[in-house]
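Pasting the structures here.
Two complexes come next, and they have one chain in common, subunit A, joined by subunit B in the first and subunit C in the second.
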Partner chain A sequence: MLKINNLTKHYKGSDKGVNNVTLHIGKGDIYAFIGHNGAGKTTTLKCVTGIHDFDEGEILIDGISLRDNPLECKRRFAYIPDNPDLYKYLTGIQYLNFIADIFQVGANDREDRIKKYAGDFEILESLGDLISTYSHGMKQKLAIISALIHQPKLLILDEPFVGLDPQATVILKGIMKKICEAGGAVFFSTHVLDVAERLCNKVAIIKAGNVLASGNMADIVREGQSLEDIFMEAIGKNVAD
Partner chain B sequence: MILFKHELKKGCKSLAIWTLAISFFLVVCVFLYPEMKGEMENMNDMFSSMGAFTQAFGMDKINFGTWMGYYAIECGNVIGMGGAFFAAILAVTALAKEEKDRTAEFLLSHPVSRKRVITEKGMAVLVQICIMNIVVFLLSIISMVCINVEVSWKEIFLLHFAYFLVQIVLAGICFGISAFVSGNGIGLGIGVATSMYFINLVANITESAKDLKYITPFGFADGASIVAEAALNWKMVVVNLLFAIVGVAVAYGKYTKKDIR
Partner chain C sequence: MWQIKILSKLELINFCSLNVIIHSKDKKARRTSITVGCIIGFVALMIMSYVGGLSYGFITLGAEEIVPAYIVFLSSLFTLLFCAFKAGKIIFKDSCYDILSSMPIKKSALVISRFIRLYVEGLVVACLIMVPGIAVYTCLVKPGILAVILGILSVIFVPIIPVALSVLLGVIITGISSRMKNKTLFESLCVVLIIVVMLGCGALIPTGENMSFDMEAMEGMANELLGVIYKIYPPAAWFAGAFGVGSSIAFLIGIIASATLLGVVVLLTVSNFESINRRLHTSIAKHDYKLGKLEKKSMMKAIIYREAKGYFSSGTYVMNTIIGPIMAVVFTIGLLFLDLESIFKNFPIDINVNGVIPVLFAGILTISCPVAVSVSMEGREFWIIKTLPVMDKDILKGKLMFSGILLAPFFIVGELIMIIALKPSISNLVWMIVMPIAIVFCTLVMGLWINLKFPKLQWNSDVEVIKQSVAAFLGGFVGVLLALFSLIPVLIVPADFYNIAACGVCIILFIVAIIINSRNNKFDLMFL
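Then we have the complex of A and B:
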């Protein structure tokens, strides 16, 4: 579903970036991408989503090269950034219709999906309000609904659980599982290692722009250990420290 | 045209405020003319003998006491400066605002090419400038009819057309700047418009700096010259429109490769 091969990206005037990142996210995978702040998670996600260009490497989404055919790739995924900065001057429903227009979702489909997801996240009543009046959590929920409106095959999320209430977190996890059961995939960055360990079948750990470990969760987290132990070990810190 | 419509919706409040403000001051200026007419005739001698000040505003070329002289200088400054600020701010924020508000991240992860974003935002800027000018022009004509003055329509049309072109040039330049800016950009837009205005004043005052008129759109939109000559300096228009075209080309070149923060 998503193949990142030898991705290298460096920012001008900064030593930050990512080096030779290679990750393969297959159909049915829920893939966690973990690392401390500034490790290169968001840079990788921004390259994958076409927000940033990259220096070297290749990104394939559903077999299509992001560099050669970015629009076709973007039709197949949805991205939710870590901070849901949406158009404040629109109402929730206007925003969802705007996104549905971009993805050319038919009137009936969009109505059904908006009703379903807005109902699940309990913001149906607030869709007529201006986004500027929404709390962080409500904006996050609206961003998630907008991401699901065209039924993407690949869901890419940057810190998706920040700001979500426990109920919404459970619903989002359920949605992630459903996408994977339907043959899609989910790729997300997180600092919540417990959730990653329980929810994901694959994981990658990144430090200073380099992937230190990646693969099946079961292979990386051996019996008697937790993802937290592995993460601390990988980044060279002793838990006791 | 989804983004184009979205931009128009987003900008309609600001467009209404700018259009109303410019129209209001213009109409007030027009309606003040019958009251001021007598005094203006007496003051023309004074205004036409104030040296650099007289030259700066072109009052050495026309009679400030006549309707056309008054309209070119008083009303011309209202439309000239007001329209310039409006166009500059509109264009300089067109691309930059998405980045400042961090909505660009969302937008560009959707299946819309950056070229399409630039094109539709640019078109929205152009349409808003056209709407503002049409409304201002119509209200200006209605006001003139109301006060029953003798109007030279060719000069009036040329004046408004020149101010429209000023806005197009400034919008083109500021649109290019917008691709480089990640913050607000409004200060930059105002700065560009103001600098261009003052460059023209300097060119008016200083004989040796006369050619500076070619690098500012206010050079060809000098109300006094237009009324005096009943024509536009097309050479200056073409040079300035080239700046606008370069600005738009720069916007495409920069924004399509830019790392959005």
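Then we have the complex of A and C:
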């Protein structure tokens, strides 16, 4: 579903970025991307979603090159950033309609999906209000609904659980599982290692722009260990510290 | 006092982008800041040369008494125009409000620091306009040492009144709009009202009708102009008296009046600061939405709809860009009442009124090119468009189309009035319509190109984009420069060849617009 081959991206005038990142996310995978602040998680996600250009490497979504055919790639995925800055001047329903129009989702389909997801996340009654009046969590929920409105094959999320209430977190995890059961894939960055360990079948650890470990969760987290132990070990910190 | 010092320092660092120039590792950002500095320096030089030249002209024509009043008036007017439409936003800016209001900072310190920031802007304007005028006047008229000293000191005090008036206006408008549901609409109506009042004052200035270019007439004209300036803006008389004739009393009256007004406005602002801010930062959500029938729109309609919503949500954006179109329509209405033939007959060259007026109309219409900041206005929400399956050229097309739709009603009304006022022949009628279309189209395309070259996507207040960005600055010149370019052949070519000249200008403008538009369409928004 998503192949990142030797991705290298450096910001001009800065030594930050990512080096030679290679990750393969297959159909049915829920892939966690973990690392400390500034490790390169968001940079990688921004390159994958076409927000940033990259220096070297190749990104393929469903076998299509992001560089050669960005539009086709963008039709297949949905992205939710860590801080969902949405159009403050639109109401929730206007924003959802805008996204649905861009993806040319039919009127009936969008109605059904908005009713379902907004109902699940309990923000249906707030959709008539301006986004500027929304709390962080409500914006996050709206961003998730807008991502699901066109039924993407690949869901890319940056810290999706930050700001969500416990109920919404459970619902989102359920949605992620359903997408994977339907043959899609989910690739997300997180700091919540417990959730990553329980939810994901694959994981990658990144430090200072370099992927230190990646692969099946079961292969990386061996018996008697937790993802937290592995993460601390990988970044060279002792838990006792 | 130390709070004012710290907060003012922060305000000025933010205003001048000093940290970007000194500390940024991003070479592009630094380069942009330095380029902006150079452009501003160039424009400053132009303004200084203009004022110096104008003062020299007045003095050599024997109307030297007008120079002190004129430079004080011009400086105050520019400061007022520069600050009036953004003072409310600066004083009540929302960035960091939550953090600052939770800190042990006095409200008065916050207000005064923001006042100081506006004053510094006014002081820069005063220096640019008054210093060359004072220099020329001192060299040629030799008004005496006291007058010169008072003149130089006046530069410091002249900006106080227009800045205080701007803040007063900002507080009143923001105070009322903060109680309203549709803040943007109210603020826009206020701007229209202010423009109408200013244009009304402008109507008092002598038009030069029946004027001839001899010394006697110039003297009469100067006296008339002086009278009008004092009538519109009495403080000009105090500071002009100080510099022109070295009157210490006039200077003292000026200082006392400025200090009194400043004190009153600061007190008024401080006493209303918290309540206005509270209302501005309190949002009411109804939570009563019922999902009804939804409609599917085409992709382009959705993009234009989003542009329109974004545009009308920003009072500053509307205020800044609606001035040109309103002024253009007012200009055409003025044509109905002015005897153009008698105004233009005194010019040293023959003027083709039907050729010049449409070009001036287009120049005024595009004086504040809305599309020149449209990319920057995407701000932090730019990620949405970047991750959606929309071609970059469609996004840019949407921006151009919305700007065209915005200007269209003003264009149509202005054209109809021009046709009624000028009663053109068939061939003149064609160019009266095609020439402004060519100028507007070329301005919009060039405005978009400027914004793609000088984007500002990281901002906390839209004032930073709409009032202070390079794109806004340069975008304001495009329409005027294109109008000037279009005027040259209209003025030079004999009336018999006007059709050929107009046709040539339009072809050049359309070709330039098409070339730049194709370059815009190749632009990859991912690189912004």
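Operating definition for what follows: the second predicted complex is superposed on the first by the 241 of 241 C-alpha atoms of A that agree within 3 Å, B and C clash if a C-alpha of one lies under 4 Å from a C-alpha of the other, contacts with A are read in each partner's own complex, and residues count from 1 in each chain.
Definition applied: contacts are C-beta pairs under 8 Å (C-beta built on N, C-alpha and C of every residue); 3 or more make two chains touch, one makes a residue touch a chain.
Small disclaimer: the values here were computed from a predicted structure and weren't measured.
> Identify whether subunit B and subunit C fit side by side or clash on subunit A in the overlaid structures.
Once both complexes are aligned on subunit A, subunit B and subunit C clash.
> Mind working out whether A:L127 is in touch with subunit B, subunit C, both or neither, as first, second, both or neither?
In the superposition, A:L127 contacts subunit C only.
> Can you tell me whether subunit B or subunit C touches more residues on subunit A?
So, of the two partners, C touches more residues of subunit A.
> Give one of first, second, both or neither to describe whether A:I114 is in contact with subunit B, with subunit C, with both, or with none.
Once the two structures are laid over each other on A, A:I114 reaches subunit C alone.
> What is the contact status of A:G106 with respect to subunit B (first) and subunit C (second): first, second, both, or neither?
Only subunit C is touched by A:G106; subunit B is not.
> Which of the two partners, first being subunit B and second being subunit C, lies in contact with A:N69: first, second, both, or neither?
In the superposition, A:N69 contacts neither subunit B nor subunit C.
> Can A:S14 be said to touch subunit B (first), subunit C (second), both, or neither?
The answer is second: A:S14 touches subunit C but not subunit B.
> Just subunit B (first), just subunit C (second), both, or neither: which does A:Y87 touch?
Both partners, subunit B and subunit C.
> Go through the superposed model and pick first if A:Q225 touches only subunit B, second if only subunit C, both, or neither.
In the superposition, A:Q225 contacts neither subunit B nor subunit C.
> Go through the superposed model and pick first if A:Q151 touches only subunit B, second if only subunit C, both, or neither.
Neither partner.
> Taking 116-124, 206-214 or 260-268 from subunit C, which overlaps subunit B after aligning chain A?
Of the stretches 116-124, 206-214 or 260-268 of subunit C, only 206-214 runs into subunit B after superposition.
> Intersection of subunit A residues contacting subunit B with those contacting subunit C?
In the superposed arrangement, which is not itself an observed complex, subunit A uses residues 11, 49-53, 71-72, 74-75, 78-79, 81, 85-89, 98-99, 101-103 for both subunit B and subunit C.
> Provide the residue numbers of subunit A that touch subunit C in the complex, in ascending order.
Residue positions touching the partner: 11-14, 49-53, 71-72, 74-75, 78-79, 81, 85-90, 92-94, 97-107, 110-111, 114-115, 118, 124-130, 132-134.
> Which of the residues in subunit C end up touching subunit A in this complex?
Its residues touching subunit A are 24-28, 283-291, 293-299, 301-303, 305-306, 309-310, 312-314, 379-381, 383-384, 386-391, 524, 526-527.
> How about subunit B: which of its residues touch subunit A in the complex?
Answer in residue numbers: 2, 6, 10, 101-106, 108-113, 257, 259-260.
> For the complex, which residues does subunit A have touching subunit B?
The contact residues of subunit A facing subunit B are 11, 46, 49-53, 70-72, 74-75, 78-79, 81, 83, 85-89, 98-99, 101-103, 143.
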